[in-house]
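Down below is the structure, laid out as structure tokens.
Just so it is clear, A, B, C and D label the chains in written order, and each chain counts residues from 1 on its own.
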């Protein structure tokens, strides 16, 4: 049984692995000057619009730090939710490697609003304070929720009205788009997003993300910065071939849709279980819940998953492209049993 | 015809690709807590000795910058040859990302000597100057030469006598060991090397390098630093599986030996060609040469390779694990023809 | 009339200026190797205890950033109040220059408690998160409040129990000590403080602060770091002479006491004025208050001071070593008049 | 006897100290929003031309690092002589704090030429290499030599032709201008210099330097960067008042001229002494010389000065605004005696 710990625990989608093998012929120019990279960049333009300029990178932290370095000057800062991956899970890389101060806001559901952004706009022009330049949101969020296109549009308009840029940490953008039933550009370019960390790894790649700049006139020096930020792959074709597999058909959507539907299935199955409280709306591939004391540890004897919040005991159950219905159903059964036992004992 | 541009132009060795595919089963804990990573780390201990602690990373620049961050405090510096990859080909990453000043020395052949190190040891204890902490050498060097074990030992002893550490940029350590006919540890651990960037990509991996610390008591925080330096892979098993393929048999040696022998074959074939002057000893998988004016550009109409030094016109011909004898012979023929024509015309 | 904007608006105390003039004889070794620096360092040991090691610097931001660089490795972080000067008024220097992530906590009065510290101790040992190393408090705080010695002791004990260090941003430490009626060491060394940014500028110096390390075994490389952090004065004697003037008699205390008493006088005078609400306890040289709408702007036509919180209109009235009783009384009268008019109109 | 160690060993010129005392009246807005700063900035415009924008800072390293941060993006680099203060005497601050890679060139006399600049212009547009953006020269140089206006013009034209900026580390610009008999702008603005670290400390200030940007359209964010680079003085009026004293009359020139003439007097006095070899032209306030073995140490028993090059024993004798003719003559006598004894003994 695969567990519900992380979509990073899943392997490589067979089509992606096949694409890597197919790219393994002959010599190819290194450092991204190869035909596969050109194709991947073309596909990213197909998906995000003709203005999309992209730089393939190794991982999500790399994409985000590169984004901030490309968008911010040293005195400029990024506004984000305090639960943002960049704030809590990147080992201080935005600050140490990017030099970027993060201006954080608490949120109930991982989602920023224009009003939250305003909290950090009180000192524009004051040399003693960092100057906000980027609003960074995660789509879908670290809490399994997602922005409606209209919500992103509102944030983008608000950002632009204050001379800010809207960046999306899209390590799970595919899950959001699939959940919304829209194209990738309808939840990015079309609603005013300026820059995007586009994720592949969590959606079935061996490993690969992309910085995608959607607006013109931003990101000077991004090519140099990718190299300096340690994100330029030698044999770039193998990074690119993965994106080709993901994007030239509908693999990106079918994989994300599947992960989402497994999360929905799990949420539905446990929603009415006595003792289980779903703590966030299930809008992507994660289920957040409170369970009776002791239940999480008991479940973890057999199935791996993480406690999200040590203080409340809130757990996170994450589904991936390869989670099966049987696994969901079996896990839901175990949850029901464990909760039942706990409720009975309690 | 594959060309002689770079060992990074070569693809993935079939055994390595097979190992990736074999690792693609089930779920595995992310971020290096998987069995393949444990195995790769064990193999690195087998090769480099029981004290070897390793951190797998994405690329060579990542390994080197991580090494400097792990070995140096902010006021400490790295002594290296002015031709070192860290100095000329890493986009300023050592300085901007690592904060590390490089104290460079010109060399005739890419190799440091104890006397060259001394040039930068004149201001120990002076707060106005950075304090040398690391001597970094490349093995085999960027100029296709290599250090004899005794030369490394001498450098290590000298470094240690001055409270310095010896770091080896070993992106082609396999080529050096294969050329010397020694084990990996005989050209590293056994001669006093403290820290190593161990390369895999140029020797047939899809992409993967490792920081390997050989001495005890150094590298505090390396695990945190790898993450912060953007070098922690999500699906770490696929990085690790490549190293398993490379190191559990003798693939590392056979691939490197082949590349070396192709370079030797090319050097032998062109050494006596009128107009060709070999400019460095051919001790690994590269041939450096001067050719008559115009010859390089003419050859490049058909075969890709780089001019190393724009001012002198010196060229670099690089062989890789997949270069064939036929390709070498055909290229040598073309060189002879082009030089012959040039000499006749000149 | 001098205004109540900032203790940085005040000039140099005449005794300090005289000390500078007295030091202006002959040549003296540069960069702190002069007798005045030795004397200042000796006086800092007299005040903070024999273990105190000090590095004179130019300004408060310099002292704080140097402190963080000396106490933290790159993967380590600083816990502080979200109102801390280091978080809101240092232009991102802790992050960009120091590479230090700040882990902030909201507080009602600018003061941290052990419980607040705990909020950031949940991920010790997790490579994805920065590792807390320093608890930084401001004494007296940015909100004019101060820690009792017992409160600092409790924080220090808590910090040490978790392998953390306690740093005090003491740009107004003299005001706190004077207000508490204790010596400088009784509110620092004696209660377990490990490191201190000791302020002079706000207490009558032309310009000068000091990093003071109170605990042994911390701060490796601080001498190199001061230079690298751009805080090593060429003609160090003139920085040191100011500290000699401040510390060899009781100038530090008399100046701070005076500023404190002026703030107390102002607070007393306006406390009962209809329309005025004091928003913080007045424990140092600042008065925080809410006044009726329009009053602040009307007062500012004649007397300079700052609005602290644009959203609530809360104002800050700051007294300094040279504020006079007449100025306080005249300002209190104006406040009363303006509030009276506003209340009558309202 | 004052010694010949450094112009930083000298004190504050009495007129400068008087100006500080005069500025010590009443309250003044902090952080450079005071009338003295406005006056200093106006005087800098008077001297360097109406386009000159200036930011006062604490010290020379601060001015240089701020300059590089203001002129370079993270992927851009600075070309300088290997003897440049920024390369050898700033504790790695340009690299660690500024993130700036320095591309160095050996020179015989501390002076760059266009041909030397060209050595680092071979990889424009190559993402693997830092991109040169600034040529930084020191005027007068660390070796006591100076650029003729025509030499600077040639460097500026060369720089501009390659889309580079010319920065002058002018910690002793006054000595150069005085020696050349030209105005400050004739050796900066008028010959195409784009940016300047203008020194005051070595020329009689208590402590103060300025970043001066001479060309339009460069230095975005310099105000924020000064704060972030820890160089914004709280009580800015006292920094500014010093520059007012230096620049509103001809104090800058008379002090520099005096120091220069003392160096010339010393050089003349020892030039013919057997055993003494002057190693650089004496064009500012420093004399570089070789003396017989043992002589330097013997002289240093009574008079302080530095050995410049430990390998050759070359010494530096530095004069300052307060060096007297008697001191020069007495020192020259001692040199002659010590050399005479050494030659006789040898």
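Quick note on the criterion: contacts are C-beta pairs under 8 Å (C-beta built on N, C-alpha and C of every residue); 3 or more make two chains touch, one makes a residue touch a chain.
All values derive from a computational prediction rather than experimental measurement.
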| query | Of all the other chains, whose mean CA position lies farthest from subunit B? | reply | C
| message | Of the pairs A-D and B-D, which shows more C-beta pairs in contact? | response | B-D
| field | Candidate from A-B, B-C or A-C with the same interface as C-D, over half of contact pairs in common | value | A-B
| task | Measure off the straight-line distance from the CA centroid of subunit B to the CA centroid of subunit D, and report it in whole Å. | result | 41
| field | Distance between the centres, which are taken as Cα means, of subunit B and subunit A, whole angstrom | value | 34
| request: Starting from the mean Cα coordinates of subunit A and subunit D, work out the distance between those two points in Å. | output: 51
| remark: So subunit A residues touching two or more other chains come to 31, 74-75, 90-92, 96, 127-128, 224, 227-228, 232
| query | What residues on subunit D touch subunit A, complex-wise? | reply | 31, 69, 73-75, 127-128, 131, 220-221, 223-228, 232
| query | Once bound in the complex, which stretches of subunit A touch subunit C? | reply | 74-75, 77, 88-92, 95-96, 99-101, 104, 122, 127-130, 310-311
| message | So in the complex, the part of subunit C that touches subunit D is made up of which residues? | response | 2-3, 5-6, 8-12, 14, 17, 20-21, 23-31, 58-62, 65, 90-93, 96-97, 201-202, 206-207, 224, 227-235, 238-239, 304, 320, 322
